[in-house]
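Going by the order they are written in, the chains are A, B and C; count residues from 1 in each one.
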Amino acid sequence: MLHTKTKNFEGPLDLLLSLIEQRQLDVTTIALAEVTEQFLQYIKQVEDLDPTTLADYLAIAAKLLVIKSKAILPSLEIEPEEEEAGVDLESKLILYKQFKEASKLLKLFDNKREQSWTRLVTFDEKINFYPDPSVSAKELHGAILHILSDLKELDNLPKAKIKEAFSIQEKINHLQSTLSKQIETKLSDLLKSAKNKDEVIVTFLALLELIKQEIFSAEQETLFAEVVIKKLKI
Amino acid sequence: MSNQNFKSIIESLLFVSSKPLKIKDLCKLLEKTPEEVKPALEELIADKKNAGVVVLDNNGEYQLATNSANSTIVKNFLNAELREKLTDATVEVLGIIAYRQPISKAEIEAIRGVNSQYSLRHLLIRGIIEKTPNPSDARSFLYQTTTEFLQHLGLTSMKDLPEFEKLVEQIKLPDASQLARDDSQPRPAPAAEPETNAETNPALRIKEDKEKYNHDPNEKK
Amino acid sequence: MSNQNFKSIIESLLFVSSKPLKIKDLCKLLEKTPEEVKPALEELIADKKNAGVVVLDNNGEYQLATNSANSTIVKNFLNAELREKLTDATVEVLGIIAYRQPISKAEIEAIRGVNSQYSLRHLLIRGIIEKTPNPSDARSFLYQTTTEFLQHLGLTSMKDLPEFEKLVEQIKLPDASQLARDDSQPRPAPAAEPETNAETNPALRIKEDKEKYNHDPNEKK
């Protein structure tokens, strides 16, 4: 699953870095804006990305969208915090690139295949027995219960995450069906029903895709007005 | 006791110990202060640097091991396999831990931008990294490299790796001068009234989920 | 290969070997004649004469051992090690073995999510657990508790442990597909590591684990 399509990328920053480097750009907000489309394209391809990882990609996608929006619409005004998203992502990416360099170095050492071994002292013949007087059957029972609770947590983890995942394709279908019942809708209404941040992002990505394919249009009368979404193709 | 004697005793103790020894273990056994033990230990490390048996120094934990230059013949003798190569994911996590240790899972994931639970688990099982209590949060852990890390990569000490600053000197973080560049490109105008528009562009109110990196219910010991 | 290299390799081999090595073993391993190996070996013996670890020559069988000048402190150290309180990690390993024996190192580590070699070494040295051949893999071992330990607990069988039947059912290895997810390579082969690697400690008359060597099967006990 995951590996068939993402094996070349160790996460969203890795993908982003490689998109920028493919174009031989420096890591800047301009470069980030330029590769936003490709980044989103990539996320769309990997619908089967495991949910935890998908959420990580979406978090970066959200930042890219802010950067891209600002690049296209310089007059667009956004919260100062988001204003910083560009610089923030830029530094994040450069820091990531630095550690990428560190891992390349470790890989070099690993590839030399020069390793060392320690020795092991064991009593093969049990000439000695030195128990710990405080370790009783009760202690061992306690240790096992502890391990079992850890194991349970590990098992439950992926299932819990799956519940929170939203597929972009599902969202596209949902939006299309919403707009087949009404002529237009407001962006704020679409986002109001979102249960959490991930769903907001997915809704936004789905909308962008529909607008790009000219299935929907988005209009904003004045600068601070509501964004109105309309269906173009009938 | 002379330095010579210290060296000899330290070597004997490292030889019979079934796990790495810390300076403080050695001090206790020798009934000496770190100031007395350290020079002898450092001399021992230097003496043995090119011998068949070297002293691994893992941030103040010491262990004897074969010289990695003899890797192939020792491996063949033990009828063992060389340790499995690191995957791209694990080596990325390891690069961060090696240079930022001890470091939390949340910090690793913030740098990588992706969940790293499985890579961490893999590295823990292989013994290349270990958990250590987090002094600032009793419920969570920090990760650090082990002597097994040194053995795997054929190092004797973290000092065999170049300093991080040196390693990344070509990769600079953005500074003010870099940010004010290229006016021909559409640059975002500075937000004139930043506080007034929160309601108008709800779609743009997507904030980074900072919680995500600060809180990790799955962190276990 | 220079004398220096010979010396280094011989020292490495003696260090990891669980039994004394003969000149002819060394010649075979180094692919050299006795005339070539002997001077290097003799030089190594002379070099290490006053070190903390010396080369013992027992009628042409060579092995490393602690310098007898340090025997008091070495014995004190080992005695203290044998009597120290088991760490939480070691109790956890012991708990898994008690409830799930016989069990492999790889399985213990998959259940715990961390490398367990030091805990296993420690439990072995103290006679609390022992190795037993792995019926499904001749190169590795399974671990089980010793009769002495059973008696120590005051039980007639490990099945008398609290909630034995119920808990044994529940101790399952975590889902492999989940755990292997971001490891694009196969899981490590358990054979590479110290399981196959037991050593001699002449000071304590610790017997070697001959299972380890495949290069001379006739010497197996």
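One rule holds for everything that comes next: a contact is a pair of C-beta atoms (placed from the backbone, for glycine too) under 8 Å apart; a residue touches a chain by one contact, two chains touch by 3 or more.
Computed from a predicted structure; not experimentally measured.
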Dominant interface by contact count, named by its two chains: A-B
Chain nearest the global centroid, as defined over all protein CA atoms shown: B
Most distant chain from chain A by Cα centroid: C
Whole-Å separation of chain centres (CA-atom averages), chain A against chain C: 43
Whole-Å gap separating chain A and chain B, where each centre is the average of the chain's CA atoms: 25
Centre distance in Å when chain B and chain C are each reduced to the mean of their C-alpha atoms: 26
Residue list for chain A, restricted to those that touch at least two other chains: 117-121, 150, 154
Multi-partner residues of chain C (each touching 2 or more other chains): 15-16, 113, 121, 125, 178, 181-182, 184, 197, 201
Residue ranges of chain A in contact with chain B within the complex: 10-14, 27-30, 52-53, 56, 59-60, 62-63, 65-66, 69-72, 74-83, 85-88, 90-92, 94-107, 109-121, 150, 153-154, 157, 187-188, 191, 197, 200-201, 204, 207, 223-227
Chain C contact footprint on chain A (complex, rising order): 2-3, 7, 50, 117-132, 134-148, 150-151, 154-155, 158
Chain C contact footprint on chain B (complex, rising order): 4, 7-19, 29-30, 44, 50-53, 64, 66-67, 69-70, 73-74, 76-85, 87-90, 118-119, 121-122, 124-127, 130-131, 148, 220
Residue ranges of chain C in contact with chain A within the complex: 15-16, 82-83, 85-86, 88, 91-92, 94-96, 98-99, 111-113, 121, 124-128, 130, 146, 148-149, 152-155, 160-163, 167, 170-172, 174-175, 178, 181-182, 184, 194, 197-199, 201, 204-209
In the complex with chain B, residue positions of chain C that touch it: 7-17, 29-30, 44, 50-53, 64, 66-67, 69-70, 73-74, 76-78, 81, 109-110, 113-115, 117-118, 121-122, 125, 139, 178-186, 188-189, 191-193, 196-197, 201, 203, 212-215
